[in-house]
Structure formats: structure tokens, C-alpha cells
Amino acid sequence: MSKEAEMTDPTQLSQHIEALLLASDEPLSMKKLRGLLGEDISSADIRATISELESHYQNRGIRINTVAGGWQFRTAPEHAELIQQLWQVRTPRLSRSALETLAIIAYRQPATRGEIEALRGVKVSSNIIASLQERGWIKVLGRKEVPGRPHLYGTGRQFLIDFELNSLSDLPDSAQLMDEDEIQQIVAENQAELSESQDNAPPHQDDNSEQDPIYDNEQTSLQTETGNPEIIQADIGPAEQAS
Amino acid sequence: MSKEAEMTDPTQLSQHIEALLLASDEPLSMKKLRGLLGEDISSADIRATISELESHYQNRGIRINTVAGGWQFRTAPEHAELIQQLWQVRTPRLSRSALETLAIIAYRQPATRGEIEALRGVKVSSNIIASLQERGWIKVLGRKEVPGRPHLYGTGRQFLIDFELNSLSDLPDSAQLMDEDEIQQIVAENQAELSESQDNAPPHQDDNSEQDPIYDNEQTSLQTETGNPEIIQADIGPAEQAS
Amino acid sequence: MNQATEAAPAREAPLTDTQSVMTEDAQSDSRLPPVRLDSFEGPLDVLLHLIRSQKLEIFDIPIAMITEQYLAILEAEAELDLDLAGDYLVMASTLMQLKSRMLLPRLEVDEEGNEIDPRAELAAQLIAYEQYRMLAEELGERSRLGRDVFTRPIFPEADEVERPLPAPDLDAMLVAFRKVLKRVGGEVRHHIFSDTMSVREQMGVILERLANGGMQLEELLLDQPGREPLVITVLAILELWRQQTVTVVQSEPYGSITLLPASPNNEYAELNT
């Protein structure tokens, strides 16, 4: 109390931002903040003030989080269990199929249901699509102009808001995700090498000299794969840096 | 900022209270707080912590206010004007009842209020109808020649403009909103129910005493449809029967 | 709440509660312990489990062995859920086909003349799926609003403010409609009508055109470009007639047909104000 009183009061700007962030029912973007605070306050000032506020709140029960291109007051994650008690209903757990479907849509968008099914190797139930839609995590972006004109799904803004992402590029590991062509290339190269080493016939080996270092790294890692699926991903990182 | 860093971190209790006050949908009373925080924390501790928090926030943009016998985070009163601006700028979301009403009108037009109520299972407030009309999203197309001659609502031009639709046929298939399996299941369930209580007309259905046979016919024809949006084919069946 | 459970070892985390049959031991045991099919997310998941748990090479899958193990898992299932069975059985036949192709000399070659391993496609599929399986796990472990973090649920400051009209939101509307469909259950059959949307739209158009009084049928049909709109217009008129929203008058056989709105004009005009 006494210490607090000695402190310099938060600036007017800081107070305004705090009040706005609390009062808003969605994350407030820089653009919205500028519009509300008046044009004579620069983005730089706002940014600096927010970063002060962020550190002010960093050890408190509530935080200022960066979400969906804006800022919002949220509770600190370590109090989740306590807060859950406020409600009778417990948050239902997401099934693996829902998460896999969501992950494929998030990383591959726009994606059709057929594409999701092809990747997962199983039928995707409409219940899953519908419940993801109801949560606002996915939405129909349009239709794919192929026979049947299937819906194209992508993530909605609520996905960013709920998963604490500032933008889609904040999706973890999105840069490392391999597309089909890359995967096929890796498979082809690895299988070619395997069959060569099996036959003890090294005539094509010189071809490897022009191979992308990424694949060599991956090959090594994949061959020593220990059942941990993280390894594929984990190894691409360094390889990418190398390239 | 540097002064902040020197300060001792807020206690665990203080963090818990902050988090709870932010996340609760009503002001939290001492009794509720004790229930949530566990019996081993005394009222005196809670009271002392809250009073610390109150002074911590007293010069900030947000406050801990005593409201209706409990505590709650609120914006500081001197920022009221700014907050008002936020709410005025910030377009609110459509209420669920408005969305449902609009959706039913869009998909079932021309539809009477009674039909909407029968579908929604609740009364449709005149305010909702009025505000949708005001918006130009719905309009009265005429009256239905049944007792009471209720208004027939349909979507207006502004609906297409605002929802970025070229025509009503751009609305996603309602069938695609649900799974075929889901529909079959529901239909099966309800047919079972219907056959049990065929003569028991639900009380709020007097308005649409004549459940349009066209829909029943459509059901037959559309269920044999294979998702092919061939409009004419789908329609000729029932209409021919109707004529 | 779920923090504790969801923060559990990555391997377990994404399994739903009823499905947690695999244990850490199962992972390291090379003697394959029995597994239940419903703990998997499909045939690819089963194959990955077999491959990873036995530390097999994904680029050099011992097809004969894997096929045997895969079929054993399938056979252990007392009764296969028919819905699920399809995907699993397709994989079974794929595996058996691969097994037989592995016995034959390689006939297929790529553009560079290298032999194509018949297992290439499967390996690619497995790698692609494994990536998403892992990303799904990560997504599930991310702190999530409403489960791990919470924001303010009510906004008392907003109460006294006069707020503008809400913005259109097609998705929200569709979601709302879907909820209605689900809620009303049996009424749903009345709603599989979106294919008839054009007729409904046309019904609205006709009602509007008739707002100022009667119209000749030919007049209504005159400006319909093409066969399809024509048919739709006729269907719409028939439907309106059947609903008794319009009256159709023909004074003599083969004479001109007049459409009249069922409600008087002046009243209709009132309605729009």
C-alpha cells in the first residue's frame, strides 16, 4: 500500500488503454485503439504503453494477452483449475479426431472435407465439422470448383481468439510443415537409397551430391526414428536454418 | 516500471482473487470467494487482500468495485466517455434470437411469425422482427390466407447486399449444414415420435395449422436427391403433385 | 480442469477418456500388446502405431509382418462398427496388395528410370498424417480460452450505451440456423429445401410484383430469360396459388390468365410502412 502510493501514477494513456481493454468484448487492435484514443497519439506511444502494461501485469492474476491481432485482458493460465470451479459445466475435452480435423484445416486452409479425409485416412463425421463450426473455429470460405463443388473450410477469427494466436502465422511449426511434393521426394530419395544399400550397388551415389541438405538431415533422423513423431518436425528446424 | 520490478510479487491469494474477479460473470461475494478459494483461507485474509488490490488499482484505468454485495472489475468512472465511444464504434454481434429468426426467414421464405415460432420453440419478439425490418434484411411480402391472415416475411434486397450474396440460391444448402446421417437419424427419431403422438399438435402451432404439404413432398424428392444442386429437377416433383 | 489431464504425456493427451488404453509400457514393448481399435483414429494411426512402437523404418516397412499384425488387430475386434470398418478394410486390402507386389520384380519406374517402390505411396501418406497428428497434439496442448485462460464474460459498462445495429454475419446466421435444425429435430425434413431456393425467391418476387394489383400470366413470364427461370416462375406461381396467397383467374378456356394478390392492395401497401 505505502509502496504503491509512492509510485508515480500510471499515465493518462496507460489508464485509457487499461480501461478500453477491460471494457471491450473482443481483442482491441492497434487500429481500433488509435481510432478511440485520437489521432494525436502515435502507434509508437500506444505500443510502448502496452508493453509497459504487459510487464506490469506479468506476475499478476490477470494478463494482457496478444490475440488475433489485438490485446485483451485474460486470466493467467495457472489459475485455470480455480476458475473452472466458477462453472458447473466442465469444458468438454476435444477429441483427437476433432483436433486432427482442426489442425488439417488450420494448416492447409482452404481444405475440403475430402482432403481432410484423405489425409486422415478415415471418414470425417459431420458432427465434428459442425461442432468446429459452431465454435467459430472453422468456417466455410467458399466452394471448390470441382465436381460436387465441396465446401472449402478455413479457420475463423474465433480460432485465433480461443487458441491465443496473434495470427495464423503464429501457428506452431507452420513453416516446417512439408507439403505432398516434399514428402514424396523424401520418400523417393530414402527408398532409392535403401534399395541401393541393400543391393550394395552404389553407381547412382554421385546424384546425391546435389541433394538438398534438408533431406539428408531428415533421412538420418527418420531412420533413427524412435516412435516419437516430434522428431520429423524437430529436425526440419535446423535443416531449414542450414538452407 | 523499474519500481514495479522491485516490488514483491503479488501473493498467490491476490492473483487468485484477481483472476476470479475477471472471469466471473457476476460480482463475487465473500461467501462465493471463500467457497472457491477453499475453507482454509479466512475471510480476514480475503478481505485484507481485496483491500490491497483496491488500492493497487485505485489510480489505474480499471478498478475493483463493490457491486451488489460482491466485487468486480470495472473501468474507472472518469473514462466513461471513452468507453461509450468504444461501444458505439464497436458493432455488436447479432443476438442469437435475431440470427435464428433471420435464418429461418431466409431459408423458409415466405414464412409467418407463427412458423418461425414453431421452429424456434419460443415466441419471436416484435423487437426482433422490427429491427430486422429496419435493417432492410427482412420485409413483409404479403399475408397468408389463413385465419388471422398473418404477415408473410421474406428477405429484402439489403439482406443480399449485406451478406454478400448474389441471390438467395447462394445461401449454403441447408442440407449441407447437417449431415445426411444426422438428418436420417433425426427424421427416424421423429417419425417414431410422430407415429406415437400423431394427433397431439403442439400448442404453438395453431398459426400454421396447414403444415404446407409442399415441404413434405420436398422431403421425399430431396431425400432421393444425391446432393446434386439441380434445382429444377428437385422442384418439379412436389410442384407437379401440388398442382 | 483439464489442465492436469491435458498436460499429461503427449502420447496420451489426445486420446479421449474412453480410449486411453495404450500405456507407456505398450509403447516400448516389442512384443505387441493387444490394442483396441477404438483407441485409434483410423488405419493410418494403427499403422503408425505398429511402425513406431516396433521402431521400424517408415521408408522400408516390412509389409508382410505389418499386414499380419494389422489384420490381427482387426480380427481381435468382436464386431467392427460398419461405419468405421470400411476405412480399415480398404487399408487391409491395400496392405495385402502391397504384400503381393513386393514379391514381384519392380516394373514401375519414375522419369529418371529409378524403380518405384510400391510402398512409396503408403510411406508418404503415413508421413503426411503423422505431421498432422503431431500438430493436432500441439494444438490440443495450447492454452485455450475457456479452458486454460478466461476473459471477462460480462460488460456492465455497455449497458447504458445505445449501441448501433449489429453487423451482418453469414456464418453466425448459418450456425444459428443449424442449431434450430438440430433443436427442432423432426421439422428438419421441412428444411431440406435449399435446392428449391430459387422457387422461394421467385415466390417473393412475384408477390412483390403483384403488390400493385393483378398481372397477366404472360406478363409475368415475359421477362424470364430462358427455360429454367421460366419453369421456376411457373412453379412459384403454382405454389403461391396452392398456398392461396395469390388467386388465379381465367375467365374462358384458353383465355388469358390473371394473377391477383389474395390480400387487397391498400392493405399490402400499409404493411410496408
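A, B and C are the chain letters, set down in written order, and residue numbers restart from 1 in every chain.
Methods note: a contact is a pair of C-beta atoms (placed from the backbone, for glycine too) under 8 Å apart; a residue touches a chain by one contact, two chains touch by 3 or more.
Values in this document were obtained by computation on a predicted structure and should not be read as measured data.
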item: A-C compared against B-C, more contacting pairs; value: B-C
item: Farthest chain (mean CA position) relative to chain B; value: A
item: Chain A and chain B, separation of their C-alpha mean positions in angstrom; value: 28
item: Distance between the centres, which are taken as Cα means, of chain C and chain A, whole angstrom; value: 22
item: Centre-to-centre distance between chain C and chain B (centres being mean Cα positions), rounded to whole Å; value: 22
item: Interface hub residues of chain A, defined as touching at least two other chains; value: 22-25, 73-76, 83, 130, 140
item: Where chain C touches two or more other chains, by residue; value: 150-152, 157-158, 174-175, 178-179
item: Touching residues on chain B, where the partner in the complex is chain C; value: 19, 22-26, 67, 72-75, 80, 83-84, 87-88, 90-96, 98-100, 102-104, 106-110, 118-121, 131, 134-135, 137, 139-145, 149, 151-152, 154-155, 162-165, 167-169, 171-178, 182-183, 186-187, 189-191, 193-194, 211-212, 214-216, 218-219, 222-223, 225, 229-232, 234-236, 238-239, 242-243
item: Chain A-touching residues of chain B, taken from the complex the two chains share; value: 1, 3-5, 7, 9-10, 14-20, 22-25, 36-37, 52, 55-56, 59-62, 73-76, 79, 82-83, 85-87, 89-90, 172, 176-182, 227, 229
item: Interfacial residue positions of chain C with respect to chain A in the complex; value: 1-6, 10, 14-17, 19, 27, 41-45, 48, 52-53, 55, 57-60, 83-84, 86-87, 91, 110, 114-117, 119-120, 123-125, 127-140, 142-152, 155, 157-158, 171, 174-175, 178-179
item: In the complex with chain B, residue positions of chain C that touch it; value: 150-154, 156-158, 160-170, 172-201, 203-204, 207-208, 211, 228, 231-232, 235, 238-239, 242-245, 261-263, 267-268, 271-272
